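Quick one: the structure is below, and I'll ask about it shortly.
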Amino acid sequence: MVKKIKNLKEFSLSNDRFEGANLMCPGCAHNIIVREVLNATDDPIIVATATGCLEVCTAVYPKTSWDVSWLHIGFENAAVAAATISAAYEVMKKKGKLPPATQKMVDEGREPKIVAFAGDGGTYDIGFQSLSGAFERGHNFMYVCLDNEVYANTGGQRSSSTPIGASTTTSPAGSVSYGEKMMKKSMVEIMADHGAPYVAQVSPSKWKDLVKKVQKGFEVNGPVYINAQSACTTEWKHAPEDTIEVSDLGVDSCVWPLYEIINERDEHGIIYSTKLNITYRPKKKIPVEEYLAAQPRFRHLFKPENRHIIDLWQKAVDARWEYLQKREEAGV
Amino acid sequence: MAKKYELNEVEVWDGNMAAAHALRQADIDIVAAYPITPSTPIVQNYSKFLADGYVDGEFIMVESEHSAMSGCVAASAAGVRAATATSSQGFALMVEVLYQASGMRLPIVLTVVNRALAAPLNVNGDHSDMYLGRDAGWINLCSYNPQEAYDLTLMAFRIGEDLNVRLPVMVHQDGFICSHTAQNVRPLQDEEAREFVGEFKPVNSMLDVANPVTHGVQTEEDWHFEHKARQHNDLMNSMKTINEVFAEFKDRTGREYTPVYTYKMDDADVAIFALGTTVESARIAADQMRQKGIKAGVVSLRVLRPFPFKEVQEVLSNVKAVATLDRSAPGGTFGMLFNEISAALLAGGKKPVVLNYIYGLGGRDTTINMLKEVYEDLDKCAKAGEAVVPLQQFLGLRGPKLSFY
Amino acid sequence: MAKDLKEIKDIEEIKELGWDELLPGAALFSFREPVEDVAEIPMEERPYAPTNSHEWQVGDWRVEKPVYNRDYCIDCQFCWVFCPDMSILSRDKKMIGVVYEHCKGCGICVEVCPTNPKSLLMFPEHMDNQEALAMWPKKEEKK
Amino acid sequence: MLEIRWHSRAGQGAVTGAKGLADVVANTGKYVQAFAFYGSAKRGAAMTAYNRVDEQPILNHEKFMRPDYVLVIDPGLTYTADITANEKENTKYIITTHLSKEELIKSQPKLEGKEVYVVDCMQISLDTIGRAIPNAPMLGALMKVSGMFDLDYFKGAMKKVLSKFPQKIIDANMAAIERAYNEVH
């Protein structure tokens, strides 16, 4: 059942199912994203979480911060966990053996939403196989990647989501290094190419865009991938109060474009149309430099010998923005 | 509702088919699996049963064994019956998640068709995978032939799902020697098997939206120890339930299972202590030795975990020499059986000669003659009252004799 | 015998449980009793289990605290939506106050507050809220 | 205990043949075992399959066997496989070949002085089943040589084993069994 959320005031009527006194860092974007996702529906929710900050900080015995059923198995298996819970739900529904309260919800048209949360380490790297498998099999669940572009839980090591030039604990900037050498992996397109009906990139600062996409994702049948920009005060090294501002800089510089890819499928699952929609266009596209300057993880790029990386960044972001616009225009 | 599968009173099934039928009759809700030799036919047979309408539920062929066990954990936490099958490298890939399953106290059933671990790569039967997982906190049941693979798989559900136990259960059978050897099997009819296994009883089901539950928590040092102690305590005490289920199964079928398996041990001076199909071959060797006047017996573990410590002490209390036969490369020490049996004997104040034989690796044939050689060694030691052969020997190995101590 | 964690009233009592009193599998519960439709029940009316972190506190993490000034608030709910710690109490589309037990003092609510002067400002943890309100800045003139 | 060793190429149906035989024998109340040696080699590689039959439950799991019968269902294996390995004094050989018994023994001298039977299972299976699956005719030949079961009983029992197959295939197998039964000598 789609929840009506016209504006922020209406959204604020939501009763959170994620609780305070969890152990996440002050100012963590993960929490903001989780709240926005969970509050996008009033239907029952079941959550699986990969090992990572969110997991180790919200279910530390003897307390849980979840008002929904929640499962953690490991680092690399959040996708298969959520997918199999979804399959278990379908089996019990078919067998007529759902618990009574759940059956009642289903009868009211409020089917449980099954959501996996994982960081970029658990998604782009170690969990990629499980994620790819679960998407190929077409289970009905939503996978939300809390993408802070680093292994924040374990002290800030690089992942395949870490962007070029970022200084991390395993790609540190130094006298002869500008930090991370590789460009970020294009996870959104990779997941869309699995044929998933709905894939989108979001930022918590654009709450309405995020909620709308999550709602769309909940409505389709099949696996949904949401790539959420998650500013990390600890590893991006910005002040906790700047989380939303840094997020906005990412969006307005087009470093973190907000868009969705819809694979329209017929009843046999054959994709007959792929559409890419850019869902947010900055009124004034700000230079990438402003985004980088707000995060001390890129501080060293402003040294004369590393300036070329900033130029490279701008080039890469412009090229990508161009690419997305072309795809949108062409309707593919 | 699934169709009834017409079964003969006696079927000729290999171990894989026997296990597959037991899984079918257990009415599993989710089988998440990834095929690997030699357990592949279990998964194939099960999917065919599903395709022909002989079982309900869902078969999910995932992209790895890691995901197979993860899927089982998720399904079990969701409150449904889950099971899978694997071998060897696949088992090794599952190991991380095996600990999650037992730690979360999820009664998953895993049929393990034992196979060697690479390198070198080898698809044949030995117990390397069994030994790899023995400390994962699962109940471990061992079968010696297809009939037992069937019986124990059915019983595994009853044991693991018992409200006093709630632990995952592995059922082991030897790769190829059991899994691909067709023998007479007397199955239960579908309705009888279903009645024996019973309905799945969900505990803390994630699908119950009115009672949200958190599974898979993190514990710091202030809690981890207590939880692992609780888990160990419950695994140790599961022997009571195991015995009850064995007894009920005997009432229904006449087939008797005991935590420690014995053959002609009442008056035995010497004994072979082995696992898997070798246990039955050793019976033939023991009989032949008895014709020569050597009082030979055979001992095995039907339940590897929890380890039947007292029963092992008891059954070996009068032997003069015992050979522990380990079908797994010992990796720098004695084989597991040698270590555990010796410990049980020593703790019980008994000091028979204990020998260790490493044998059958990578499916190497274990002949009756080899087993008779072991009895000859034991007889010599028993008569001498001390070890007069090396404590650890490799059996059936080409090249110069390999032994230690 | 395992204790029913839902029944324990005192959080301190949980901390002392021995191994024999633990529930198998380390499962935790959100509520003491079944809650048919959590999304319909505001936090203050939920039968939280003592194992729900809602019942615990992280307020002592703060160095500075946000103080809320109703006089300037336009109930835009930016502070509510962007609070990472469910610490902005908003009911019936109105901002009510800050849940100090759960607020870690990150300051996002202050940053995103659009009013002039802001309706939320950070003050030293030890300062009394009334004192803070008394020293609230005036409207800033646009330069 | 009766022990049988099959020599075959993977894909020719020795395992199915061994299992089919086991099925039939088990229905008479006897105990059976059917297994094979598998390597990683694929279709076409030489392989062996085994049967044990006894009045008592079969406990022996060794692969080592002194066969009472050696069944060779691929003609080439008479020359390339060690078909006389671990033979007993009275081991009987049933060999697929287009040659006469004398020609066969001449071409493979190690069969000299042994109890050898010949039958062209390959041709029979091509004629009846339409494919080179010589397992069913070999079972027909075994019935004749061993006297284990009379032809009608065996055919009836095999029909049951094959009951999941289309009638056409069952009929073709029956024809193959009968022809080999009559032709083996």
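Read from first to last, the chains carry the letters A, B, C and D; within each, the first residue is number 1.
The criterion applied here is as follows: a residue touches a chain if its C-beta (ideal position, glycine included) is under 8 Å from a C-beta of that chain, and two chains touch if they have at least 3 such contacts.
Keep in mind that this is a model prediction, so the values were computed, not measured.
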| item | value |
| --- | --- |
| A-B or B-C, whichever has more C-beta pairs in contact | A-B |
| Closest chain to global C-alpha mean, per-chain Cα centroids | B |
| Distance from subunit B to subunit A - Cα centre to Cα centre, in angstrom | 43 |
| Whole-Å gap separating subunit B and subunit C, where each centre is the average of the chain's CA atoms | 51 |
| Rounded Å distance between subunit A and subunit D, as computed from the means of their C-alpha atoms | 62 |
| Between subunit B and subunit D, centroid-to-centroid distance (C-alpha), Å | 34 |
| For subunit B, residues contacting two or more additional chains | 209-215, 217, 219, 223, 227 |
| Shared-contact residues (touching 2 or more other chains) in subunit A | 44, 59, 61-62, 64, 66-68, 101, 105 |
| Residue list for subunit C, restricted to those that touch at least two other chains | 15, 26, 28-31, 34, 36, 38 |
| Arrangement of touching chains [line / ring / star / complete / other] | other |
| Pairs of chains, among all present, that meet the touch criterion | A-B, A-C, B-C, B-D |
| Complex interface listing, subunit A residues touching subunit B | 44, 46, 48, 55-56, 59-62, 64, 66-74, 76-77, 80-85, 87-92, 94-95, 98-99, 101-102, 105, 112, 129-130, 132-134, 136-137 |
| Complex interface listing, subunit C residues touching subunit B | 15, 17-20, 22, 24-31, 34-36, 38 |
| Contact set on subunit C toward subunit A in their complex | 5, 14-15, 26, 28-31, 34, 36-43, 46, 51-58, 61-62, 75-78, 80-87, 90, 92-93, 99, 101-108, 110-112 |
| In the complex, subunit D residues that touch subunit B | 18-19, 22-23, 26-27, 29, 31-36, 38, 40, 57-64 |
| Sites on subunit B touched by subunit D in the complex | 8, 10-12, 14, 123, 174, 176-178, 180-184, 277-278, 280-281, 283-284, 365-369 |
